[in-house]
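Pasting the structures in now, so scroll down.
Two complexes follow with chain A in common, the first pairing it with chain B and the second with chain C.
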Partner chain A sequence: MYGYLGIDVGSVSTNLVMMGEDGAVKHSIYLRTRGKPIEAVQAGLKMMKSALPSKIQVAGVGTTGSGRHLAGVITGADIIKNEITTHAIAASNVVPGVQTILEIGGQDSKIIILRNGVVADFAMNTVCAAGTGSFLDQQAFRLNIGIEEFGPLALQARVPVRIAGRCAVFAESDMIHKQQMGYNVEDILAGLCEALVRNYLNNVGKGKEILGPVVFQGGVAANAGMKRAFEKALETEVIIPPYFNVMGALGAALLAREATSRKKTDFYGFEVAEKDFKAGGFACDGCPNICEVVEITESDRVIARWGDRCGRWSDVLEQKEKIS
Partner chain B sequence: MTVKVGIPRALLYYYFYPQWLSFFQHLDVEPVVSHRTTRGLLEKGLRSTVDEACLPVKLAVGHVLDLKDRVDYLFLPRLVSMARREYICPKFLGFPDMVRNTIDHLPPVIDINLDLYHKRSNAYNFFQTLGKMFTKNPARIYLAYRASCQAHGNYCKELESGALPGELKTLANSNGKNGGMADITIAVIGHPYNIYDRFISMDMIKRLFESGVNVVTADHLADSVIRQEAGKLPKQLFWTLNQRMIGAAYHYFNDPEIHGLIHVASFGCGPDSMTGELIERFARSRSTKPLLVLTLDEHTGEAGIVTRLEAFLDMVRWRRNLADVAATL
Partner chain C sequence: MIVTYPHMGYMWICVKAMLEYLGVEVALPPPTTKKTLLLGVKHGPEFACMPLKLNLGNFMEAAELGADTMVMAGGCGPCRFGYYAQVEHAILQDLGYRYDLVVLEPPEKHIGELLGKIRQITGNRSWRQVIKGINFGYKKAWAVDDLERMAHYTRPRELFHGATDRAFKTALAEIVAVRQPEELPAARERAMAIMQNVEIDEHRQVVRVGIVGEIYTLLEPFANMDIEKKLGEMGVEVDRSIFLSEWINDHLFMGFGRNVRSSKEALKKAVAYLGHFVGGHGLETVGNTILYAEKGYDGVLQVLPFTCMPEIVAQSILPRVSQDLGIPVMTLIVDEQSGEAGLITRLEAFVDLLARKKRFREGLA
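Up next is the complex of A and B:
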């Protein structure tokens, strides 16, 4: 039995998906990255191995997310793809005919417009992280509410409070103000969801034609309050796919299946989880650019370098590999 | 000893350098160009510029700082207008004053006006005043002026035939030698000092070459084409550079050889925010071509631009393949 592994290393979460040949998800894992992407990938691989029947064989690996190159180097990925493409591929496989994808993750949010099954336009948030998972996390913590309770509580709201959503910092002070005025928590939470949706539609979704079916994915889609706020603002049904929080990884697995259709996988095996990887870095002093070079070592052997603009460090490595 | 005149590798350097080089050389003046942009150079510029200035101006100040201690004069012409009834951005106009008021111990600054706004104005006045600073012989100035015009004309012709300015030229050629690997053509629309500066653009053009993309820019089009296309606007834009961007974008949107467009704006640029909107509206209402809008700022993290470029190229190729399939049906 063959399986395809997709790994999505994001800023907040690291997700792994094992997909069967038919495209069905066999097992999915959602972990917090906690600032240590290599360890998160290794932990995920360990969990994946113990959860799978031993007869399954990995036929392809794909990585995505902001840590995709890192994950790709340590696992020997067959394909390393950006998160916009993987999210689009996963959504159009799970919900055929999807025309709009709303994706809100830990640190960034994006909108992807598809027409006739092909990406027609996309946008990502720029420097502003208002309306992403991290902000909701923080506010839930501040109100002493578990992030899991956030959604159900917001759904109980009767009159959502109007909160300024232009900026996370202002939203927070506005929220505190409303709370001190005596509004109840449910209404504030629902108001917060609506503010974030407004901010998302004005910033990320600016000028985009949002047509149904609309799919909402990414970690924030777990929040039922956000789903309802989107439905209210867009006046259309919003679909949350069953594996909404690992869609990036699923897309990577789908691409890995395509990439290995005519070749064998480069996957190093689940032993990768036991290896000793270190990520180090140094500032190159070759020129005034002072590039921050990242160096990945496996038991004191340098396996990858990047971050230098001129190729002084990364090219040397490639040459060595070619010779040996 | 020859006199050294410093020219910052910024702003309209990418447009006028061959002309200025030729003029100075004919007067036995040695032009000195600042070094290529590096992080150190940009940081110097950021530290010594007022907060409100846009990124390209801050960068240009960095280039001035790089030059000031090794030249006899700084050549910072006050570019008011490059064509009749058109203007250059006011930040260019004020640039010599901004430099003089924020940087100490400057060599003498040459800030002659180049103003072609009015009917009877011409570029010769500018070069005449400039030449008089280095020679008393009016015939020599005239000959140098003629040669510089020729150099500028040749440079424009070279660009129109598909070359890229400066060091990017060799990049493009080496790419071509590798057997024409490029399978798609993308038009990069942006100010020359953003898209041709390899540091500020995070080497966008090289990245595109390496991803198998042919790159065209506004400078590959004849001026007349650009003006005709920009003339489709209900009211003429009075910024020369933005008019070039709009005209080129309109042209490339209608060019079947072009698979997609990238609009590059710089953070804090007023005119860019407006041309960006005009181009986006055109893309949405009258074209089916993919458009990517990138805003450059002083970020040095490359992940953001890499992710967007990759996703954009995936999208362009995906759509092109679909169109190819449709054509064979």
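Up next is the complex of A and C:
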């Protein structure tokens, strides 16, 4: 039995997916990155190995997310892809004909517009907290509500409260104000969802033509209140795919299958989990750019470097760059 | 008198050639680096555009090398560039630098206006010599631009990673070393030969992208975070809408040069979308996007510094151009805080989009 491994290393979470030859997800893992991407990938590989039948053979590996190069170097990935492309690939595989992808994660959000199965436009937000999942986390924390209860409670709202949500800081004071005025928690929670949706559509979604089918993915899609808020704002059905929070990893696995259709995989095997990798770094003093060079070592042997503007450090390794 | 001027890509090569030929002593600012930016950010007004901050840093670093006369271009139109020279000079004076300022304004009607200014720096050289000097600088700019164009072609097709960059460096050194106009043609041949020796795969599928936007961020690799190199390594053949020699020909020689691409064509195209001058290169940005679409490019990238007004006007119009002509356009705004990782992700995603679209189109055809 063959499987394709997809690894998505983000700043908040690291996700792994093992996909069968038919494109079905065999197993998925969701881990916190905690600022240690190498350890997260290794832990994920270990968990993946023990969860799978021993006869499964990895036929391809793809990596994505902001730590994609790092993950690619240590695992021997067959393809390293940015997260826009992998999310789009995964969504159009699960929902053929999808024209809009709304993606909201813990620290970032994006919108991807597809036409005729091809990415036609996209936008990303990585700076403004008011458009990401952390907005909901913060407010839920203030209200003393667990993030799991958030969605179900929001669904019970009768009249969502309008919360000024231009910016996370204003939203917070406005929410406290509304709370003191005696609005019930359900209506406030639903109001928060609507505020986030408004922010998202006004920032990331600005000027984009949102046509159905619409897919909503990323960690925040777990919140049923968000699905309803999107459906209300867009006046169309919003589909949440079964593996909504590991779509990047799934897309990477799909691309790995494509990349290995005519070649053998470069995967180093699950033993990677036991190897001694270190991510170090130094500031080059070769010129006033003072680049922060990142250096990945395996048992004290340098296997990759990046971050040098002039190529002084990365070029000497002669490693084949596999960007895009 | 020791003259200095700010960096803008490889402009230093042509200006240095001209000034030194005319016997002027030049102290070049060290290459623009993070230190330059830090200096400029620290002492420049917070809301000034990034080019001003980098200029300022260049002048401060050049002062350490003994420069005492700063030469700046003056600007045209409503955009802030018109005041750059004076603002920078004033800031430097407040900081205690003793710089004499010479502003070179692009001539309104005739190159004679500019010649007068140049004679301010060169003293009593004959007119003939001054003209010869300018011509020498222009020819160098031309040679450098040709090398850049060759690099744009070979980078996405090179067989060995980094081969284009290495060749470009050596080729450029050939042009830089020339001190007499008579020696330039031979050096140019040698430089071209070096670039031609880069081994390439001519049949490789490449994506073609036109880069438009504000002139400084287009020409200065430090400001645009080496966008041409990054795209080239992703398999993209780029064309830049502005080359220095073309700009010189358009603005200093009033478009009299032979067989040189001129911005006039772009300006004509822009009229359909934007009827009036908006400063900077706003009109050219719109016009060139249309031209790239007509020439069958796969996509267009607009690059601008944060808060650049002419380009923001253009940016608001580009979505319509993109829709009407069916060419994907992406805008990159750079400032002192731009993260490199985010830029690479966006570039990669854009290139993927273009490549998939292209494959899709060719699959249908």
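As a convention for this text, the second predicted complex is superposed on the first by the 317 of 324 C-alpha atoms of A that agree within 3 Å, B and C clash if a C-alpha of one lies under 4 Å from a C-alpha of the other, contacts with A are read in each partner's own complex, and residues count from 1 in each chain.
Going forward, a residue touches a chain if its C-beta (ideal position, glycine included) is under 8 Å from a C-beta of that chain, and two chains touch if they have at least 3 such contacts.
These numbers come from a predicted model, not from an experiment.
Taken together through their common chain A, the two structures put chain B and chain C in a clash.
Once chain A of one complex is fitted onto chain A of the other, the partner contacts of A:G311 are limited to chain C, with no touch recorded for chain B.
Shared-chain residue A:E148: touches no atom of chain B or chain C. When both complexes are overlaid on chain A, the residue A:N289 reaches chain B and chain C alike. With both structures placed on the common chain, the touch criterion links A:G207 to chain B and to chain C. Of the two partner chains placed by superposition, chain B and chain C are both touched by A:F122.
When both complexes are aligned on chain A by C-alpha atoms, chain A residues 66, 81-85, 116, 118-122, 124, 126, 207, 287-290, 309 touch chain B in the first and chain C in the second. For chain A in complex with chain B, the residues that touch the partner chain are 66, 81-85, 116, 118-122, 124, 126-127, 207, 209, 287-291, 309.
Per the touch definition, chain A reaches chain C in the complex via residues 66, 81-85, 116-122, 124, 126, 207, 287-290, 309, 311, 315, 318, 320-321, 323-324. By the touch criterion stated above, chain B contacts chain A in their complex at residues 38-41, 199, 203, 280, 284, 290-291, 295, 297, 303-304, 306-308, 310-312, 314-315, 318-319, 322.
The part of chain C that touches chain A in the complex is made up of residues 30-31, 33-36, 161-162, 165, 226, 233-235, 319, 328, 341-342, 344-346, 348-349, 351-353, 356-357, 360.
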